[in-house]
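Each structure below appears as structure tokens.
Look at the two complexes coming up: chain A is in both, with chain B in one and chain C in the other.
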Partner chain A sequence: MATDEPSWYGEDSQVSQVRGRLFEAVCLTATSVGLVSVLVLLLYVARDAFRPFTGDPSWALTLPTFPVLGSITLVIPGWQLVFFVTLLLPITLLAVYYYRVDSPAGEVAYITTGLPIVGLLLAGSLFVIFAELFAVKAWFASVLSLAAAGAVIYGHRRLRSEAPLERLVLTVVVPIVFVLGVPPVSVARLVGLPKRVVSLQELILKLPYLPLPSLQLLSTLTLPVAAVAGWFVGQRRDSRTDGIRAAALVVAGGALGLLVEAVTGVAAPTWVIIYTVTAVPVAVYVEGIYRRNEGVSGLAFPVVLVGGTLFGVLTMRVLGFSGPASWLDWAYLTSAPNTTPELAGIYPALVGSVMILIVIIALTFPIGVGAALYLEEYAPSSGLAGKFVTLIEINIANLAGVPSVVYGLLGLGLFINRAHLPGGSVVVGGLTIGLLILPIIIISAQEAIDAVPDSLRQASYGMGATRWQTTRNVVLPEALPGIMTGTILGLGRAIGETAPLLLVGVAASVRLAPAGFFGKTGAMPRQIFAWAFEPKADFRYGVLAAGVVTLIAVLLVMNATAIIVRNKYQRDA
Partner chain B sequence: MTQNEMTDSEPGIDSQTTTTDEAASESLLGTTEIADDRGADAVSSAETVIETRDLNVYYDDVQALDDINMEIPENQVTALIGPSGCGKSTFLRCINRMNDLVDSARIEGELRFRGKNVYDDDVDPVALRRKIGMVFQHPNPFPKSIYDNVAYGLRVQNMDVDTDAVVEESLKKAALWDEVKDQLDRSALDLSGGQQQRLCIARAIAVDPEVILMDEPASALDPIATSKIEDLIDELAEEYTVVIVTHNMQQAARISNKTAVFLTGGELVEFDDTETIFENPEHQRVEDYITGKFG
Partner chain C sequence: MSTETAPDITTSPSGSIRERLYRYTLFACASASILVTLGIVFVLVTGAIEFFGMYDPVAFFTGTEWNIARQQLGVLPALTGTLLVTILSALVALPIGLAAAVYLSEYASERARSVLKPALEILAGIPTVVYGYFALVYVTPFLAALGLPVGTFNVLSASLMVGIMIIPMVSSLSEDAMSAVPDSLRQAGYGMGATKFEVSTGIVIPAAVSGIFSSFILALSRAIGETMIVAVAMGQSPQLLQFGQPLANLFESNQTMTAAMIQLVNAENASGVIYQSMFAIGLTLFVITFVMNLASNRIAAHYREEYE
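Up next, the complex of A and B:
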């Protein structure tokens, strides 16, 4: 072979890959610049919020003089070192171990750490709900009335199975009558009607004797959870007895709260709530891990995490160190705004945001999913009507891009000036932001429904299913993970919206959590916006940063939930 | 055996239990060349279940079927063959009004099922599909358990039957019971392609339809799974009227009693006993298609 022959395999670079390489490099740079700048910003915010470099500089070591460098004074702040040794080092080592040796354990570690956090957040929201919105007894009465309504509907189904229309009416009407009365409380209040028929819920509330709050919670919260846990364990172990045993264990553990109160002074309702929504799911998960005997060593991670933290705190107590003067701490999360930065907190705004979120979910989920189902499953796709539907779809896509200020104006004009709802209230804020994210939810739900394979629909129709049966039994279950993911991502956007809140008169700072859904409310982004213009620098940097971190934490939890939901269903399918 | 089949295909004689036993022994023997043994007498003596009169189908302005006139006999296998795009699948979907789901489809003419035009205004397509089941080209089980898949039709049709028994019986008829009887709770998606297709057949027969439409049921399967499906179709023909679309001419020859040849333009060129079509077709175009000169 002559050496000046070009080789066919491109060794002498007759194949030009310069442009491709260049393109790759540009893309990589863009990605890194974007990620790094956001990361730096977040680090700054976190530094301002937590102030990790405050605290005691407890050990100042002066190293021996080196000829070249001169003497160096090394200041080692105490708490960082303590927590490095007790917490950071062990969990890093564990993480490395999971990564290199035992990867199933890594997943177990991830879930056993995340599950209690999610459970505690849930428990926290329940506390807030019971403290601010709903007395425990109102919850108790509502659940009992709903159960009674369920019993009535079930009884009707058994007695008159051949009356679907009647059943439908009953399914809608009975719960409303039982819980809200006729006409429903809120409607009566809005229209100014005196109430005629008292609901079952009110009757229960008027009973001369109601059980203790802890017993109310035990019967209406722990009991259903126990039933679910028992069913789950029974399924997993393929044994009814084991399931019943598990359920009994759950109830017994909840009942233990009454004893705990007497011994340690932890209020029994507190115990019941935390136990039911945090401890029970964790226990069910851990039981499964032990049974499968897969990645059991992952359970060490949360133990080390909690143990290390406690040990670190203890060490600091013993050595007399003080921790960082973080802006974001328990007091911040539980106190009201204040003119003194050190006393300022975000509690009313946090509660306000959560309540606004509840209104948004109640408004957008049924309407959004309903609209998406109609557009995808029912609406005509050809002819004049089809063109009209296409026009609607295009407009929904456009609405998703309308600036939020405009939605704020819409809310102001529609809900406050026309419907005369109280300005700055939870309802108005929720409805306005709800309108804003409705198009987003419709579009994402449409995509999820569209992704359900047509062959499944055809199979269902081919079996003689009606359109509604096909939608309910085949399309919705398949599309639900996608719908949930899209909805939660939309809600993530909703919780950060500020401009519409400004326009509908949500107050900058409120000292009390809203009294019900028609009460004046604050909201986290609105509060952060207000802090940004405070004259005191501590507000503009520290308190504001803590607010931002709280907001982002709520957002991250929501997004993580969306991802977990999606992964779970995708794995099952 | 042939004798038995012939009596079974006579209308009015209902001997389901013996038929199933026969079917079982048949599959044990593993015979595949049964259809050819079926005499022409059986074909001519069968009653017509589905009958079309000048059936025309258009998708927007494109004509997919052109004046189809056809009579499909009861308890026999009728194969529809022809090149791609010739309208055979469209015809199949007309029978149980699956084309209603396609907005652009427009149907003219009559298609009678047991004497009633299914495109009359007072016919509910849902009720029609409960009489005429369908199996699709690609196995499309629901992402539910095996049990729930078979029970789906019973549930949506609110049938007052012993679900467990019907599920077992249907899976047995579909020759799938022995493979899945211990794992009815498992997801249907864990089954192999051939098993999934038999599950889809079990699902279709669970609601006890009169006619089963099959749209190239074996085209996505390997030869072994295909031969199982073919055996199964043969057994099904003892109880049900089967209309099957296939691209595979050997398959049509093996399993069908009657064959309809559609050619480009949505035209039904020839419809006759399978033997006649394959050995002595009337039209030159049909012969060309069958011998592979075109298509």
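Up next, the complex of A and C:
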């Protein structure tokens, strides 16, 4: 301010400037203090989970010590030096290059690195589902019968296009008859019915000869994905032939899996799953990058990342270096809890969390999006009905603030004590946490729907569309990316919820993955809670840290997915 | 939303049954949230009534001892334990959150805000059981290394973590309120020769005070309902506040209402009265947080009207 004018009214402005600067500094500190402390704590967890300062050979390096944190003698193991040269240095240089010179390439690098990770996580979930829940042939039969049901409904639409109500009934009934039978197996078992009409799915399973598992997956997993990819590429290139060509290419790649088995010994179904959910989306994305010719240099990042890792591993093999004695390794992810820290793993809890998540999605996504659509598109704003809608909105806002432990009581009182569902089962855990995140899903879906420009609705109404047609064909597709982003973030919240699981009796340590949705389950946060009270220090500092890192890694991947979806959406909009 | 734009078209005769069907289905989805609230109230109230049939309500609300083995089920120790954690975490979160909100709203550049605001939200997104683990395994030993006489389970480290967790509640909602303050008020302040500091503290904060207040209440309500941090890091020994040694309260173990519920459900011989007491505590907790949330939303709605 005007500091060098002596006779100015604000002569004390020098002082007030100091005060202002100080205030700004205090505010900035306040903004960062929480972030910094959590970052430091996360670094500690990572240190305990990975134990990066172990591994042979190593060189000791003593640093000036801090009085509070204890003395710090840095031990630098050989593997760190190797990976510093082969991996860390190149990717840091690349990152700096993207940041300073070529920022579109930075985004490409981010997505091409993130997409395979998300894909691998999805592939992992599919493996778990196929290994624990659903045999590949059951999946094959279900998809085939669903496709048959779809064909019937489509045929009806073609033959009797003027019978909407009939079609509505068919849409509900046919899939049930085809996939589940009349009545469904679980219902028949519950009521004690000995005889029932067998579904198409069961008929397929009874066939004396079924194709190889890899072919089953190829036809029921890769084929639909190929269709979607082909449609997508066709749309983007505005050419049907290109779309068909892309789809054919995808299927051919999957079929290559059979050759891969013969050559490398990697099981063909494994190849087909990983290929379909990881390679295909990446290929479609990369194709788009090349076509737009924007940020192509970003593609170097994942290549350097993978190449650097492989080269580092190879160098260590050649030099005879050993890696860190990390708690978090492949064995940890694939073995059951154990009283010996070195043998303990998180696999059953991981499977339990994935299955609970499936229940949550099945419950909250349709209801949440339906509620948001009603509140944004249909709700009257006046009269008695309007008052009721206001009540609903206030209620949703309040529900979002109800403590999670109270939802646990709701689950206990409603699902276990009154509905007599098995305590500690996947379905009870999923329903309880589903109710907990329902308000979050509704609110975020409302925001996404609210962001759809009104002009689009007006245009649709102007074309003579009804409200439902407008909602389905205009509002929903436009709002879907936003809804997806909000839902993924809500699911991220769901995966860490612990208190409701404790109240509905989810067991501390489960040695086997749940045997179906009504079976007893564990869950990652529940397992972490149990380990926190183990007397052995190796549990508290090692196994537990590895569990926390696993949980946070899953969360990070989910958030990254949400960001990718949102960025893509914002650019297209 | 678009209710005024095209209300009549939906009643057009073609496919009106289907239209109505979709409307009712969607309406049912929206009403489900009411059912959830009713379900919560129903479960808690019936459970609490059953409990108060077996245990004297006066003894429950005024009892100063919580001992499952001896069937002494006074809620006061857990209530004061909750109060203690709430106050301590408020001491951490309210000033920090408010200062962060001022920085985000008044000082930060557009770019800095677009990074910092979602980054702060991360603090609320970390699973609370992880915070509890931080408190137990890292913060408590750190406090001990600082020379504080803390026990393995203590109030202080748990409260610190609860405080960090609720910072984003305060900062995000307060920032919204401050951003809603019209620029004309700030310009008027600058026109009078006020500095940025004076505008921030003398104009923006007072103008946004109802929004700030609402965010405070919401954050406190979150702290009251927080379960896993206190269940992991604060132990299971409920005790009344010791007014003689105020600091001892911080360094010793204690128990909140939420943690008491976790203890009850994990107890080996939780039967009859003890099992049902969970619902009475749950109802108390629900009423407290519900009233606070309602108040917070009311106040927030008030400030929104003021400037829109």
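Please note the rule applied: the second predicted complex is superposed on the first by the 494 of 573 C-alpha atoms of A that agree within 3 Å, B and C clash if a C-alpha of one lies under 4 Å from a C-alpha of the other, contacts with A are read in each partner's own complex, and residues count from 1 in each chain.
Methods note: a residue touches a chain if its C-beta (ideal position, glycine included) is under 8 Å from a C-beta of that chain, and two chains touch if they have at least 3 such contacts.
Since the structure is predicted, the reported quantities are computational estimates derived from the model, not experimental observations.
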Touching partner for A:Leu502 - first (chain B), second (chain C), both, neither: second
Chain B versus chain C as contact partner of A:Ser381, first or second or both or neither: both
Touched partner set for A:Pro453, first chain B, second chain C, both or neither: first
Partner chain(s) touched by A:Ser37 [first = chain B, second = chain C, both, neither]: second
Contacts of A:Tyr461 with chain B and chain C, given as first, second, both or neither: both
Which of chain B and chain C A:Glu478 touches, first, second, both or neither: first
Chain B or chain C, by number of chain A residues touched: C
Chain B versus chain C as contact partner of A:Arg493, first or second or both or neither: second
Common interface positions of chain A, toward chain B and toward chain C: 380-381, 457-458, 461, 465-466
Contact set on chain C toward chain A in their complex: 1-6, 9-10, 12, 14-15, 17-19, 21-23, 25-34, 36-37, 39-40, 42-44, 46-47, 95-100, 102-104, 107-108, 116, 119-120, 122-123, 125-130, 132-134, 136-139, 142, 145-146, 164, 167-168, 171, 193, 195-198, 200-201, 218, 221-222, 224-228, 231-232, 258, 261-262, 265-266, 278-279, 282, 285-286, 289-290, 292-294, 296-297
Chain B - residues contacting chain A, complex: 60, 96, 98, 101, 103-104, 126-127, 129-130, 133-134, 136, 138, 140-143, 152-153, 155-157, 187, 189, 200, 203-204, 207
List of chain A residues in touch with chain C within their complex: 1, 9-10, 13, 16-17, 19-20, 23-24, 26-31, 33-35, 37-38, 41, 44-45, 68-70, 164-165, 168, 366-371, 373-381, 389, 391-392, 394-399, 401-410, 412-414, 435, 438-439, 442, 449-450, 454, 457-458, 461, 465-468, 471, 489, 492-493, 495-499, 502-503, 505, 525, 528-529, 532, 540-541, 544-545, 548, 551-552, 555, 559
Of chain A, residues touching chain B in the complex: 380-383, 386, 453, 455-466, 469, 473-474, 477-478, 572-573
